[in-house]
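Per-chain numbering from 1; labels A, B, C, D and E assigned in written order.
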C-alpha cells in the first residue's frame, strides 16, 4: 500500500470548512457529525475505511474515520465523540469555522472484492461511523451486493447515531437495532449487540461480516460469528491506536511489524490474530 | 526592542483582601504610578504557586510581583506565612541560577497602603528598567 | 459545557475611566477574543439602563458569562452578579475587570492606560472562560450557642441570647462565674457596688432554663464550622456535689492546707477546700486538687469526715462533655499586666506597692480588710497614697504599646474611694494625660480633683523604693513645673495595663481565631465588624478583644448576642461555593494540603484528601502546596491563572 | 566491613519465614562492573544479592514502583516488602513515609552502612581513564582497581567516589529494622554543601552562563525524574497530557491539562522543568544524587537540589529524611521564617 | 570502494578547512562538560575518542522540528505557513560504524511509504565521514553480533581508518568522493603496504572480542516465540521508564507532534515535532486511559522486539546496530544483549 505523496508535505494540513453539524448524541460523551468542504479546491479522495487527521490549530490533531462514502465528492463527513482536548474543541465549533485536515490515511475495506457477497455490518456506539461508508457505498451500488444487513446497538434509544439515515436505508438493507436496556416504546431488540447477532443468525454463506465498536463488543461479536460458522477470513474489523503522524513514522500505533495508520486500521480477523494484542 | 521603547512587563499577583484593596486605595487617592504592572487578583498570597512565577517569566514577563497582607494580617490567618516560605525558595532559586534577583519581588501591602502600593510598583519598574528585557527564561519560539 | 459565550461591557464611568482609557478601543479589541460573543461600552454600566442592557445582551446573544470592565470588584461585583442572576445566568460566571482604581485613576498616558485596560479585561475574560456555574452551599445550622468566659461580658451575652429563646452553654474556667468585676469594690462613674450590679445577673444565669452552666471547665477542642461546631469541654472535678453542698463551711474549717486566695489577689488565704467567695455561682464549695494533700490515694480525708451533707466525693473524675452549637461568643477577659515585669517599680517586691485590683479588694466591704483601707505590711491606715497611671501601658519600648483605656478612670475612682475611707489622707496621682471620654467620666475625674482634693501630678515616676522608715519613696518629675518630685508614701497603687488573659490565649489557640499584635482577639474588621472574629460563627465580647470598661463590655456582649441571634435565626446558612475541590485520581494522600490549610478544612479519607465545604474559605493555600495539582479552588484554578498570566503579557 | 553473606542470610531468612514477600536489593550486573537493582522473591535467590561500591541506585524507587504495581493491579500486599537500604536510600524511605506513600509496617528495612566509603561515580572513573567505560572494578578499602580498554588503573577512593558520598552526613541508615555495618557518622570527607559554596562564589552572570549551558543540553529523557523516589507523582507537571485517567475523568479535564512546560527540549522549557523540579523537591530531596548520576548529559542536578536543601536547613531548620513525623517544608511555617526579601 | 586514499594525520585540519570552504559545516567530536558530542569544528579535531554519547541522528532528525506556523484571527480562516528546515550542509567527521549503520536504518523509516520532507531535506545535506573502530571495543559494544562490523562503511560517505601516522580514507558515496576531491592534493595514493596494513588493522578490529547477541539471526523468531514470556516483566522490574535508551539510540525514531502557542490574542503558534519514545508511559495511552502497553515489561518488549524483530520483518535487517549506548547508559543496567539472549534461552 503506497501513496504517491513523494513531494507533498504530508504533515501540512489542508483547510476545510464546516458546512453542516448534526448533534447525534448528547451527554458527557456527546457525538456530533461534521461535514467538511475543502477550501481553495485543495482536497483528496478517499476509500472506504480510511481516516483523516483533523486539526484545530492550537489544540492539536485527532485521527478520525471518514464516515462519508467515497462516492460523495462534495464533502467529507466525520462523526466525532467528545472525549479530550481536540475533540472537545471540535464540539465547540460552528458551521463556517475552518479546520485543518490531512490524509487520507490507512488501508481500506476491500469493498470491490466483496462484490456479489452478502454484507453484514455490525456497529456499536460511535463505532458505526468507520463502517458507515460501507453501508452507504453498498447501498448506492445496490446491485453489486446481495443482502445488506446492518446491526447497530446503543445504550438507549437516545444514544443511537445516524437514526434517520438508518431508517432511510431500511428499504434497501435490513436494519437490526438494539438498546442495552428495555425502555418504553422500544419495539426492537433489547440486549447487547452480540446477543442480537446471535438471535438474528446471519448466514455465513458467501458473506463478510464487518464489526466495529467498543473492544468488548467486538470480542463477543466475533465469538458469536464464529459460532454461527463465520471463518476468520470472513470477519473484518478496524482497530484504534494512538496516532500522531499517520504515515508510519511516529511509532505510536506500531503493533508488531504493522503501523496501524498505514497497514490498518482495517484487518480481517485472520490478519489481526497474528498481530500482538497491543491495541 | 530598542532601549528607548523598552517598557518592563510586570505580572502582579495581588491578594484580594489587602494588596488588591491597597491598589484600589491608590486609585481612589489618584496616586500615579507606572502602567507596567498588570494585576491578577488571587484570594491570598498563599495561593500563588511557584509555577505561576516561573510560568510568567517563561511567558516573557520582565518582572513578577507577589503582594499580600502583612504578616499577622492575613485574611486567611496563615496564607502569607506559607507564601513567605515558598516564595523565599523561589527567590533563592532564581538568584542561584543567575536570574537577576530583582526580577521577582514580593511585598506586603495592606488595604490602607495605597501609597505604598504605588511606591512598590514605581520602585520595581525603576529596578527593572536598567536590566532590559528578560530573555533568560522567556520562551523563544522560532 | 459548550463553548463560552462571554459578553464584555466596558464602562466609561462618566469620564472617570473614559478620560484616560479609550473604552471604545477596549470594547473593540475584546470582541476579537475567541470566547467573546458580544462586546460594548457604555457610559454608566452600574446605572439602571446599564444593567438592563447587560440583561438584554445576555438574552439576545445567548451569553453564558459576563465581564464588566469598570471599577473595583469591591464596589460592584455584587451588583453585576445579581444582575447576571436576574438574566438567568449564574452570578459566578460574571467577573469584574478593574480598569478604574487599578488603571484609569492611576495612569495619565492614554495609550498606556488603554493597553493596560485591555490586558486587565482580557485577563478577566480568560478567568471567566474557566468559571463554573456555582450555587452557594446551604448548610443546616445547630440553633444553640456557646459562650466561653463567665465574666460580665459572657453573662450578658448568655442572658441576652437565652432571653431571646436560644439554648446557651456557658463555659467558665473557674469554679464560679463573675469574672473580675467581683473583685471590684465600687464602680465608676456612679460608684455603685459591683456585687450589687452583678449578683442578680449571676443568679439569673444559674436559674435560667435556657442556660446550661459549665463551670470549672475549659474548651479543649473545636471542630466543625459556622452553624455547626462540635465543642469538647473538659470539666474538672470539684469533688463537691453542688446540689448537696449546704455552704456550712465545716470542711474548710478542718482543712489543714492553706494557700493564697486568688480572689483577693493574695491578700488573704484560703483552704484547699473553699468557696471562691460567698456569692459564688454555682453556690458550692470546691476542692482544689492541687492544693489538697492528696486525693489519690487519699492522704487526709478530713473534709469528707466532717461533711454532714455528704456532699464530698473523692471519686469525681474529669469529664469530657461534647456540645454541638451553631455559634460561639468568646468572652475570656483580661489579666493585669504582671507587676513582676515592672522592674523600675520594684517588680512586685516592694511592700505596699499594690496593683489596682488589690486596691479594689482593700476598698471592698467583702475584701480582706472589710472595707478599711490598710497597708498590707503593717495593717495601718495609709495617710499618703500615690497612684501611678499608665504602668505598663503606652510604653512600646518596654511594655505594652497600647493605652489600657480604663486606668485613668479607675485611678480617679481609687483616689476618691481612698478619700472616702480616709478623709484625712492625701492622694497623689501621677498621670501622662487624662483620658476620660465617656458619659459623665470627665465630671467624675473633676470631682476626684475638686471634691476629693486629689493632687494630680503630670509626669512619670522614674523609680520607687522602700525607705528605712517603712515608707515608699516615689521619685518623679512634674512635667508641668519641671520640678523633681519626691513623695514618701505609705502606699503606692499601680494602674497596670490590662492584657488579654491567659485563658484568652488558650481559647484563641483552640478555636483557631486570630489575635492582634498585642494578643487581644482580632476582630474581622476594626470598624465594621468589631464583634466578629475572622472565623465565621465566632464572636467576641469584653476585654478579650481589647481594654474596656463595664458599659462598653456590656454593649459589646449584647452586640455579639444579637449577631448570634441573627446568624441562627435561619434554619440554614449559605456558604460561598468558591472552595477547594480535590481530584481523587491525582491525589496521593501526602497530607501536605492538610498541614497547609489554615482552617483545618482538609482531612484524608481512604488515602485521598477531602475538603470540608463549610470550613474551607477558598484561600488556595492547599492548591499552591500540592505538588500534584490534585486540589484547587473553584473558579481560581491554576488553568485560569495560567491563562490570565498569558493575558497580562499579551500585546 | 560488612559481610555480604549477612545480608543474604537475612534476606533468605525473611523470605523463608514469609516475613517479607520480596527483598529489593542489588545483584551483579551483566554489563561490566556495575551492580543492578533486583527484586528477590525466593529464598534460594538470596545468594545473588551483592553489596559493593557500585550499588549506587537508590532502591527506594523500587519501593515506589512496588506500590504503584500494587495499586495498579488492585492487589493487597500479603506481607511487607524487604529492602536493602543505604543511608540515602533510608532517608528517601523516611520522606516517603512522611508523605504517607506507604506505611512503616509495609516495609522491612535491611540497613547497610556505607561506613567509611560510599559509592563509585562511574563518570569520574571514566574521566580518569580517558572516557572509556571501565569493565570491572575491585575495591580494597582505599583504592579501586579498574580495567578499561586502555589498560588497568588504580584509583584512590577519594578521587572516584560520588560527590554526594563525599558530602554525606548519614552513611548509616538510621531508620531500619535491622542493620549491618558501623555508624561512622563522623567520617571525614568534604563539608556538606562544599560544592554548592564553591559554585555560589560565581557572580550572577557566571551563574547564568553556567546554567544556561546545562539547561540547553538537557534532552528531556526524564531519567532524573523517573529515577527520583520523591518524584512519585503519577502525573508530573511536565506531562503534556492527562496521565491519570479514571472513568470519571471528563473531556473537560483532559482538555484543561495545563502545559506549564512544552515538550520541546529548548532552554526555556528545560529551565522551567528543572527549576520546578528543584522547588518540588525542596525539603524532600535527600541528596541521594541519583538524578545527577543518571543524567546522560551530565547536568549537575545535585547543585540545584542541594541549594534547596541548604535553604531548607539554614532558613527553616528543616532536615529532609531525618524524621517520619512532622510537617512538610512548604506546608508549614514558623513565625520567624526569614522575610527580609519582602519589601 | 571506488576511491581509497591516504591522508597524513597532520593534514586533517587542511582537509577540514577545504571541506569548510566548499560550503560544508564540519562537525567533529568534542569533549564538553564531560561528554563527547559532535560540535562544529573550527580548525582541527582529535579523532581519538570512544564514541559520542548521543547518536548523531539529530543531524537529520533534530529533537525539535517546526512543521509550520499558524495564525488564526477570529472570524477569518486559519493561516498556515510551512517552515522549511534550515538545513546547512553538514559533514560529520568521526562517525562510528554503528552510527553509520544507524543512519541507514533511519533512512528506511523516513522514506518508507511516505517521504518525510523534513528528514529528507536535512539528510540530503548531511555527509558522514566515518571512523573505523580499531581501538579495543568498549565493554558494551556488540556490533558484530548484529550484522555490523567495527570497520563497516554502511551509511558512511567516507570511512577513515586510523593507521597511526595516517588515515586511510575510503569513499563510499559520490558525496564522499566529492569531499575528498575537494582537497585532492592533500591525499596520497594508498600503496600496497598501506593496503596491507589496513587489511590487517581491519581484520584485527573484526577479530577483537566483543559481547554478543548469541543468535541474532534467530532473534526475530525467538522474540516472536517468547512474546508472552514472563521474563519481560521480570527483566523490566528495575526499569524506570525513562528516555535514555531510546533518545541515545541511533535508530529510535518515534516522535510526538504538538501545537505550541506563541500567543492567544490572536491565536498564534507552531506545530512542532519532538522526539518521543516507547518507554514513556503515555506513549501509547489512548484518550480513554486505556494503554495497550501499560507495564514496563510490555514496553521493554516493544523496544527490544522493534529492534530485533519487527524492523527485521519489515526491512529484512535488525534495527539495532550494537552501539551499546542503551546498555551503558541505562541507569539501572537493563541490557538489551542480555535481554535478547535471555528470551532466546527461555524459548529454547
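Going forward, a contact is a pair of C-beta atoms (placed from the backbone, for glycine too) under 8 Å apart; a residue touches a chain by one contact, two chains touch by 3 or more.
Worth saying up front: this structure is predicted, and the values here are computed from it rather than measured.
Peer 1: Enumerate, in label order, the chains that touch chain B and chain E alike.
Peer 2: C, D
Peer 1: Taking each chain's centre as the mean of its CA atoms, which one is most distant from chain A?
Peer 2: Farthest by centroid: C.
Peer 1: Counting only Cα atoms for the centres, state how far chain A is from chain C in Å.
Peer 2: 69
Peer 1: Let me have the rounded angstrom distance from the C-alpha centre of chain C over to the C-alpha centre of chain E, please.
Peer 2: Comparing mean C-alpha positions, chain E is 72 Å from chain C.
Peer 1: Report the inter-centroid distance (CA atoms only) between chain C and chain D in whole Å.
Peer 2: 49
Peer 1: Which residues belonging to chain C are in contact with no fewer than two other chains?
Peer 2: Counting only residues that touch two or more other chains, chain C contributes 596, 625, 638, 642, 646.
Peer 1: Provide the list of chain A residues touching at least two other chains, using ranges where the numbers run on.
Peer 2: In chain A, the residues touching two or more other chains are 59, 83-84, 87.
Peer 1: Give me the residues of chain D that touch two or more other chains.
Peer 2: 237, 241, 245-246, 249, 252, 254, 260, 262, 266, 330-332
Peer 1: Inside the complex, what are the residues of chain D that reach chain E?
Peer 2: My answer: residues 29-32, 34-39, 57, 61-62, 65, 72, 123, 127, 131-135, 149-150, 213-214, 217, 219-223, 226-227, 239-241, 243, 245-247, 249, 254, 262-266, 290, 293-294, 296-298.
Peer 1: Looking at the complex, which residues from chain A come into contact with chain D?
Peer 2: Residue list for chain A touching chain D: 28-29, 59, 82-85, 87-89.
Peer 1: Could you pull out which chain D residues touch chain C in their complex?
Peer 2: 99-101, 232-235, 237, 244-246, 248-249, 252-253, 256, 258, 260, 280, 327-328, 330-332
Peer 1: Chain A touches which residues of chain E in the complex?
Peer 2: 67-68, 70, 72, 77-78, 80, 82, 109-110, 112-118, 227, 253-259, 261, 264, 267, 269, 271, 273, 276-278, 283-288, 292-293, 298, 302, 305-306, 309-311, 313-314
Peer 1: Where on chain D does chain B make contact in their complex?
Peer 2: For this pair, the touching residues of chain D are 200, 204-212, 237, 260-262, 266-269, 271-272, 275-276, 278-279, 282, 304, 307-308, 311-312, 315-316, 329-333, 335, 337-339, 341-343.
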